[in-house]
Amino acid sequence: MAARPVRNVTHSRRLLLTAIALLLTACASTEKGSTSMKRSPAMTSDAAAAVSPALAHNTDAMLFGEVWKRPGLSPRDRSLVTVAVLIARGQTAEMAAQFNLALDNGVTPLELSETLNHLAFYSGWGNAAAALPIAGEVFTARNIGAEQLAPVAPSLLPLDQAREADRVERVNAAVGSVAPGLVEFTTKALFRDLWLRPGLAPRDRSLITVSSLVANGQTGQVGYHLGRAMDNGLSQTEAAEMITQLAFYAGWPNAFSAVPVFKEVFSQRAPG
Amino acid sequence: MAARPVRNVTHSRRLLLTAIALLLTACASTEKGSTSMKRSPAMTSDAAAAVSPALAHNTDAMLFGEVWKRPGLSPRDRSLVTVAVLIARGQTAEMAAQFNLALDNGVTPLELSETLNHLAFYSGWGNAAAALPIAGEVFTARNIGAEQLAPVAPSLLPLDQAREADRVERVNAAVGSVAPGLVEFTTKALFRDLWLRPGLAPRDRSLITVSSLVANGQTGQVGYHLGRAMDNGLSQTEAAEMITQLAFYAGWPNAFSAVPVFKEVFSQRAPG
Amino acid sequence: MAARPVRNVTHSRRLLLTAIALLLTACASTEKGSTSMKRSPAMTSDAAAAVSPALAHNTDAMLFGEVWKRPGLSPRDRSLVTVAVLIARGQTAEMAAQFNLALDNGVTPLELSETLNHLAFYSGWGNAAAALPIAGEVFTARNIGAEQLAPVAPSLLPLDQAREADRVERVNAAVGSVAPGLVEFTTKALFRDLWLRPGLAPRDRSLITVSSLVANGQTGQVGYHLGRAMDNGLSQTEAAEMITQLAFYAGWPNAFSAVPVFKEVFSQRAPG
């Protein structure tokens, strides 16, 4: 065994492969023109099958053949869930494909744009920074311009005064004496701006927030946000299907860790 | 201080460096031929030493000089643990080197292939997607073809009916009323297919599952899977060394968080 | 909906864009010379604004316009916190910009070098491996040579015998019977070497350790290390501002999860 695996040589080989690919791609693109932007499932299937035929099969037949088509949660909502997981975990490899799929599934450019801004707060600036240039390429390729995005300061949705007062009281009690700066930005940046921006419905903001929390194992805060999601219109059937979608994209353990919290929220809201 | 750090300029510089590197690599590779695939520890050591001589030394002298050589867990098993951590955390930088090291250490291409498929379920599809092309390059460079991989539907290992009945009962009670879809795929995709695929022994599937759980701080599910790992043949000595290996690759805090769970499992299984 | 999103075509397109960018950059760099290394906020703002004007605004006006300028925690310390988050979460996209900003803010090359070595232990080797080449490029561009870094074995800071005896007792009790190897390396590699290296002050090692723990939701170990940080000189005001900085870079949920632990540590240390 060598003293240590070597990155440089591997990296050099990848650079060489890149150089070859650049030439091939340039030629191919010249011939194919805009068709090079279309999806070609066979290519990816071949690439995946060369490493794991079972994984390629599971992806094609089970994940896209069954899970994405299940009733109970629309393809559009599944895309929001999936995109939120990728951003929240910084999984750049699938972002371009999933951003495109989200737009194909009916997520609007404005909604995708707002999702990035929302998850900068809920999963950290570094994750948004990684997603930005990839979304930028997708937008450019689809001729999505600034006129389809929201301005910095749109007319905000009305504030639910009662719910906000309750939230302020809870946060002040829990955080006020510990981190006044956190309280300040939570109020002014999140609950009196971000959540009131009209470009993404509150129900959808809740959907991506819960997805982000589950994706990072942050179960302690799932209860509050799942309750909010259901207040905002997410049905129990949709929430249940959300867990199934999350199992595939955030991994089984994160889905299973979230189940007891979902169960508790469901039972608290059960009639009678 | 500038209003904001700028990615574009830095990125541009990296593109230029890449262009130069492509040319240099192309020339070098022409001369060196296949020798360019061999490891050259000195190069990486130099690169690491230019940033942190201590880290380069710790990697060479302590991690590869001591930890990987410790008795109690074979280099092959240490590779499975390490590869599982990288995939489960989406750490692509070290993947090519560690995939190669795993194959050198006796992990078969089939086992590595099954590891990717297994961790798609246990750490999320996006992580498998990031690892796939890197594994594909490694396989291509080593002339590993489809004939060394498992078919989509091999003859499965026999199902342990008693253990499966117990698992179904537990999952139904915990998840059944909350997310029926999750229950369905847990049964058909995981425990009546994935875990029974013969390409990776149940004991090794447990090894990578526990590694993935520890790597992501998912301690709540470590107990069940560590017990399963020991049922499947992992010794207590091996489990103890696994924590040491995980400390280096998943970080000290994740290793320490897992210790109480390991301790509990060890004590439950202690004779007497 | 296609059977599966396709990475290859997207990847090919990115390679083509890369080829074009390489040419454009090479030309531009030839004209601009060394000025290409300077920051040009407008460029990044434009790129971000093309995807999310709100996110670009939040980054410029709120994060860099307000948060980074808040009293209570110096820009230099905010850089240490931020860099620790990026390394601990493997967020490579922002690393070059933030490493440069850290050096501009007064973090020395030696301190940044020690930060990487420190976080290899506290967040895992794969994260350090991802950060190393990026730091290497930054060092090269700024002509930072080996003479500014610490040797492998510098004269160590004196060991606090009482605190170390207490730590050894606690770790032996908790870990000794479970994972002897972990105990061994915790003592010799961490507490009798890493923490005593003079290139990064103990207070700063605590700062990045706590940041790394919060960034990965490892709240169980925040209490011990925050107490150590305050023993090592971190003020309560600084700790409070640290949470605010972490909210933006590690995401709101991780900051909120850490608040109760900070509150408990603050109250235990309160006079009277």
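Here the chain labels run A, B and C in written order, and each chain numbers its own residues starting at 1.
Convention: contacts are C-beta pairs under 8 Å (C-beta built on N, C-alpha and C of every residue); 3 or more make two chains touch, one makes a residue touch a chain.
Source: prediction; values computed, not measured.
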Copies subunit A and subunit B touch; is their interface built from the same residue numbers (over half shared) or different ones? different
Rotation in the CA alignment of subunit A with subunit C, degrees, nearest 5: 120
Between subunit A and subunit B, what distance separates the C-alpha centroids? Give it in angstrom. 24
If a residue has to touch 2 or more other chains to count, which residues of subunit B qualify? 7, 18, 47, 59, 63, 90, 92-94, 129, 133, 217
For the complex, which residues does subunit B have touching subunit A? 7, 18, 21-22, 25-26, 28-29, 36-41, 43-45, 47, 59-60, 63-65, 68, 75, 88, 90, 92-94, 96-98, 100-101, 104-105, 113-114, 116-117, 120-130, 132-133, 135-137, 139-141, 146, 149-152, 174-175, 177-182, 185-186, 189-190, 197, 212-213, 216-218, 220-221
Note: in the complex, subunit B contacts subunit C through residues 1-19, 47-55, 57-59, 62-63, 67, 70, 72, 85-86, 89-94, 129, 133, 215, 217, 240-241, 243-244, 247-257, 259-260, 262-263, 266
